[in-house]
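Once you scroll down, you'll see the structures, which are given as structure tokens.
Next, two complexes with chain A in common: one pairs it with chain B, the other with chain C.
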Partner chain A sequence: MDIKHFINFSELSISDLHTWKEEGGKVAGVYCIYAPIELIRAAGVAQVSLCGKKQAPIKEAERDLPASLCPLIKSSYGYALNGTCPFFTASDILIAETTCDGKKKMYELMGKLKPLHLMHLPHTQQGTAPFEYWMMSLRELEDFLFECSKVKVSAEGLHNQIVLQNKIRNELYQIAILAANEKSPLTARDMLAIQESKSFAVFPDKYLARLTALRTSLATFLKQPNLPASQSLRILMTGCPVGKGSEKTIRITEELGARVVCMENCSGLKGMTLPVDETGDPHEALARRYLKIPCSCMTPNQSRLESIEEMVSTFKVDAIMDMTWIGCHTYNAESTTLQRFVEKKLKIPFLHIETDYSESDTEQLRTRIEAFIELS
Partner chain B sequence: MIVGLDIGSRSIELVGLVDGVTELTLRVPTTFDPISQCTKLLDGLRPASLVGTGYGRNLIQRLDLGCELSTITEIKAHALGAMHFFPQARTVLDIGGQDTKAISLAKGKVVKFEMNDRCAAGTGKFLEYTAGVFQISIENFGEYALKGQNPPEISSICTVFAETEATSLMARGEHPESIAMGLHKAIVKRTVNMLNRVSLNFPMVFSGGVANNPCVLKLLAEEINAVLGTDILVPQEPDMVGAMGAALHGNTNC
Partner chain C sequence: MGGAVSDSAHREMWEKLDLDLNAHDALLGVLGKFYGDIYLSQENRLQGAEYLDFVLSEIHGLRIKELQEAKAEGRKVVGSFCVFVPEEITLALDAIHVGLCAGAEAGSDLAEQLIPRNTCALIKSFIGFKLAKLCPFLESSDMIVGETTCDGKKKAYEAFNELVPTYIMEVPQTKSKAAHTLWKSEVLRYMAELEKVTGRTITPEKLKKGIRTANAKRRALQRLTTLRAASPAPISGRDALLINQISFYDEPVRFTAKINELCDELENRVESNEGIAPENAPRLMLSGCPMAVPNWKLPYVIESSGAVIVGEESCIGTRNTRDLVDESGETVEDMIDAIVDRYMKIDCACFTPNDDRLENVTALAKDIKADGVIHYSLLFCQPYLHEALKVDKALQAEGIPMLSIETDYSMEDVEQLKTRIEAFVETLE
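Moving on, here comes the complex of A and B:
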């Protein structure tokens, strides 16, 4: 089973991006899973995720932004400023979202660097008015995309993208389930790379084929007799997004002998079990699906608890780690609700870790995670 | 002999057990060379097994002892140590030099814990630093603060901000003893929040160097409506609890 391709996926995708651009294709840089990939692709635009997972550019960002903002916002802005993110450089347009106050204000500054469209999200998933507001917001995005690519989104084109992205999401979820098998050789950091790859797929058909090949070879591998089975503690990680460069909690957990078998966060499996309805009006179906994403920017966010409950059972989880970034008010505050739910309803151990991208608390984290593993 | 070594940020404690009986308790400051300090502590000892705990627990791998080595976290060590001194313990509060831990126990096991993160606000370090501002030794700071009356509210538990706040209170003419008491109260408030998060049950064992501070003890008892000696239990040498827990872990392992 070859996962090398996925480990270096973002680097490899740069040549795909060049090909795409040489053929006259436009590129949208995005930050968040609320960016509706189906609509963006249907408008003839390729989408890539922009850098924002490393500590390095934070210093530069703090020239313009308060130090107390979360590291994700500062890192994203720092990368945009210093020109070291190749995906930012390759982007013709940026698609941003109002998932938090810090981001909104940062995007005002970032909008000076490149054409940026801010998608306005409602604060709740409930009621008709918020839904209509979100529908209109997506219409505005469509207009913005048209300005860039001059491609009109057709119902058929959108439908085709929906079908394709549903398949990709499903493959990723199936791979995650197989990877969590006690006999699977894949580590959480391998899974992190595989899950991250979805954000850099310039040619989605080719990408889907790669995912299917990986899923098939993983399934075949697991059918071999006498594979050693891991006895490690199985951890579900939730909270803020994690990527290459900000995965210290996962690294420490694995060094201490436990296994992160499932990442519920938005860099992981959040939304992977939410297909877009392929039958109705594609615009409406798309809006409904995206508004269902269980992000802490929504209130209430009951579906996050339900999704975690489901994953605890699917992935045979022993304990939950909620990892949030300092300054992320919504995820930090929601941790209390989640902790009560996990302890009362799921009755498994729960640990909240609040940290940032720096390595300065590595040893403190090691103690806390080690003690958590001791008691679990 | 089974040795438990608690390598903390401010001090290193050693407990030596022979057939489950304490033969030896030693303590040195950590300094910037904890390995040499550990070597000094272990000089002349030939332990059959050594269990490290505390922030520097993994340093024991670098001690050339030729005996069985293992480590446990300070959470587990304090739980084991506290239950050894007080088998009826339901909660452990440990305020050490660099961190504060609240541990909830049930059926002899840790069920939940809280710990401060990288910031040492509200720990022994906070008291040490602020005692310095008053030019009083850390050992006498608690007694000094007990003389305070109507302590002003110190809203910051950040060591640096708290000093600024204390300085402005002095400029306003508040009595230094009362300000000192206010600083103690700030620690206690933060500690109580942590205790409530793990759900506080009595009796609670209070360990770590800060358990020697009479002002923290008094204010804490008031804040959580507890009686010292029955609800709050302080071991004779509260800073030895971690090392004792580590030594006991070694004992059960053999």
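Moving on, here comes the complex of A and C:
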């Protein structure tokens, strides 16, 4: 199993980015899974995720931003300011989105650093008018992409990207299921790297082949007889996105002997079970799929509960940890609803952790998580 | 709000509305004292302030009785939390449009069981008032309308909806053509829903009348804004804020007439060079988040420091009164378009970009001859906290000093606020 390739994926992708750019390819930096990769690729633009998972640049960002914003926004903006994110440097354009108040206002400042397109999301998935509004937003994005790459998106080109990305999402989901097997050698931090890798894939075909190889070797590995089975508590993690640098909750949980077998957040499996319909008008199918993403920016957001319920059963989850960043109003607000749902309907233990990127609460978190694991 | 209230006459009504009578008594008691200290203690007040005192003393009394009587005649009451809910349509359907209680800490502890502790005080307050059974306007409402102006409210309405059915209007986050289209469909959806609730139908005549009534109210408030440009300031900022607050509760035609009378009195004052504060008192403008009744903390602290407030750039202030609906439309379609255009001019920090606000803030500060601006953000209100930094830069460019205040409804920071504001006022003198 070539896990190392995925562990070092973002570093490896920098050389891919160089190759891409040397051949004249354009690069779009994104922050969010609402960025429709199919459309971006169909416009001939490669997509990479931008840095925003570390504490270091936050101080710089606080000169321009309210200190009470979530660490993800402050870190992202800090990286953009201080020039230490190679992906930001490599990006010709930025694609942003109105998922929350903090981000939307931060993007007003970031737009002064690089050409930035703000995708306008509606606040709800219900009704025709919000959907039309979102369709219009994607059309505007397409115009913006054209200005950058001069590549016109064709229906066929978009269709091909849809098929490819559907396969990638499906492989990632299948890998997550195998990795959650009680006999699987993969840790949550391995899975974090694998799931994070999707946002740095400069060459999607090559990436898909790597994923398929990983899934096959993992499946083969698991077929071996007499593998030891883990008895650890199986935890589903949900809430705000986590990545390399902001994974302290996962690290602590694993150090305490529990297993994070499933990550429902947008850096994990959110949207992985939502394929784009491959029949019919590709633009409309794309808009429908992206609007279905169960993000807390939507009201109501019932499908997040449904998605979690499904994952609890698929991944044989014993307990749920909801990790939200301080200052993230929407995920923090959903935590109350989610807790009631998990305790009353799913009848499994639930723990809400509100934290930031600093290490100052590490010991306190350890105590809380330890108690939670003991009681679960 | 306190002693003057003919409590016994209203108790039966409050009981019918299922208010928590003991908690409500306690609330009115505190508010009565608060009002006495902050309002009745002012010297040289206008005669027209009697209207304000009366409305406020009967805000949970006679006004609620009026609502109940209107309801008995088959009219409906619409409760809202935001200036985006188009009052013109409510009025055109012969319904009553009221703002809902959101300016006090009462019930906030209960609210924290449903929404995060680090939610702004305004949101906690309206949830708290419902849970603690303290708001007779809420309990009188036939339709409660929320809106997606910020993350906190948008998600709080989900929790609120479990307590009482809440209709949500989708406010877009920008002012593009697509956003106008979306907002128009939302205005039409509100109209259709309210037609259902009231059992009445919109006609061009009724809508025209609704537009005129709402515009007349805004014109009276614009008149007040203009008169406050005079030096010495003819009215205290506290009283002006109260007028804006009452505009969300009282019957609009009566309110307009009373405020125009009050403005006549102000005109006389201005002519005879009479002021509420000395001519050399530093003139401050408030800018930022709305101050709902009875959130008078900051104005009180400011005016106790020797300054006078001459303008409020907020939803309970010029943001709600600056723009009128064009009155020339003859068909429902034309008038709806005019309403859509007017509401899309609101320079709420929920929009991106929202550069109009920077222009509006600086223009107002100059118009009313403000020596300085106090930017007020509720704790955890990310849109206004963010814009505070931009407003500061825009004002600096015009040579107008600004102080940024972040606070909530509690009294814990009053001393700290006093110190900061007094220091700021000193630099202006």
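Note that the second predicted complex is superposed on the first by the 376 of 376 C-alpha atoms of A that agree within 3 Å, B and C clash if a C-alpha of one lies under 4 Å from a C-alpha of the other, contacts with A are read in each partner's own complex, and residues count from 1 in each chain.
The rule is simple: a contact is a pair of C-beta atoms (placed from the backbone, for glycine too) under 8 Å apart; a residue touches a chain by one contact, two chains touch by 3 or more.
Just so we're clear, the structure is a prediction, and the values are computed from it rather than from any experiment.
Chemist: After the superposition on A, what does A:355 contact: first (chain B), second (chain C), both or neither?
Modeler: In the superposed model, A:355 contacts chain B only, not chain C.
Chemist: Name the contact category of A:299: first (chain B only), second (chain C only), both, or neither.
Modeler: In the superposition, A:299 contacts chain C only.
Chemist: Scan A:46 for contacts with chain B and chain C and give back first, second, both or neither.
Modeler: Neither partner.
Chemist: Specify the partner with more touching residues on chain A, choosing between chain B and chain C.
Modeler: Larger number of chain A residues touched: C.
Chemist: Identify the partner contact of A:367: answer first if only chain B is touched, second if only chain C is, both if each is, neither if none is.
Modeler: After superposition on chain A, A:367 lies in contact with chain B alone.
Chemist: Please work out whether A:66 is in contact with chain B alone, chain C alone, both, or neither, and reply first, second, both or neither.
Modeler: second
Chemist: In the overlay, answer first, second, both or neither for which of chain B and chain C A:375 touches.
Modeler: first
Chemist: State the interface residues of chain B toward chain A in the complex, per the touch definition above.
Modeler: It comes out as residues 55, 72-76, 99, 109-113, 115, 117-118.
Chemist: Please give the residue numbers of chain C that touch chain A in the complex, ascending.
Modeler: Going through chain C, the ones touching chain A are 113-116, 118-119, 148, 150-152, 154-159, 168, 170-174, 176, 178-179, 181-182, 185-186, 189, 349-350, 352-353, 379-380, 382-383, 385-389.
Chemist: For the complex, which residues does chain A have touching chain B?
Modeler: 349, 354-355, 360-361, 363-364, 367-368, 370-372, 374-375
Chemist: Where on chain A is chain C touching in the complex?
Modeler: 64-66, 68-69, 98, 100-102, 104-108, 118, 120, 122-124, 127-130, 132-133, 136-137, 140, 296-297, 299-301, 326-327, 329-330, 332-337
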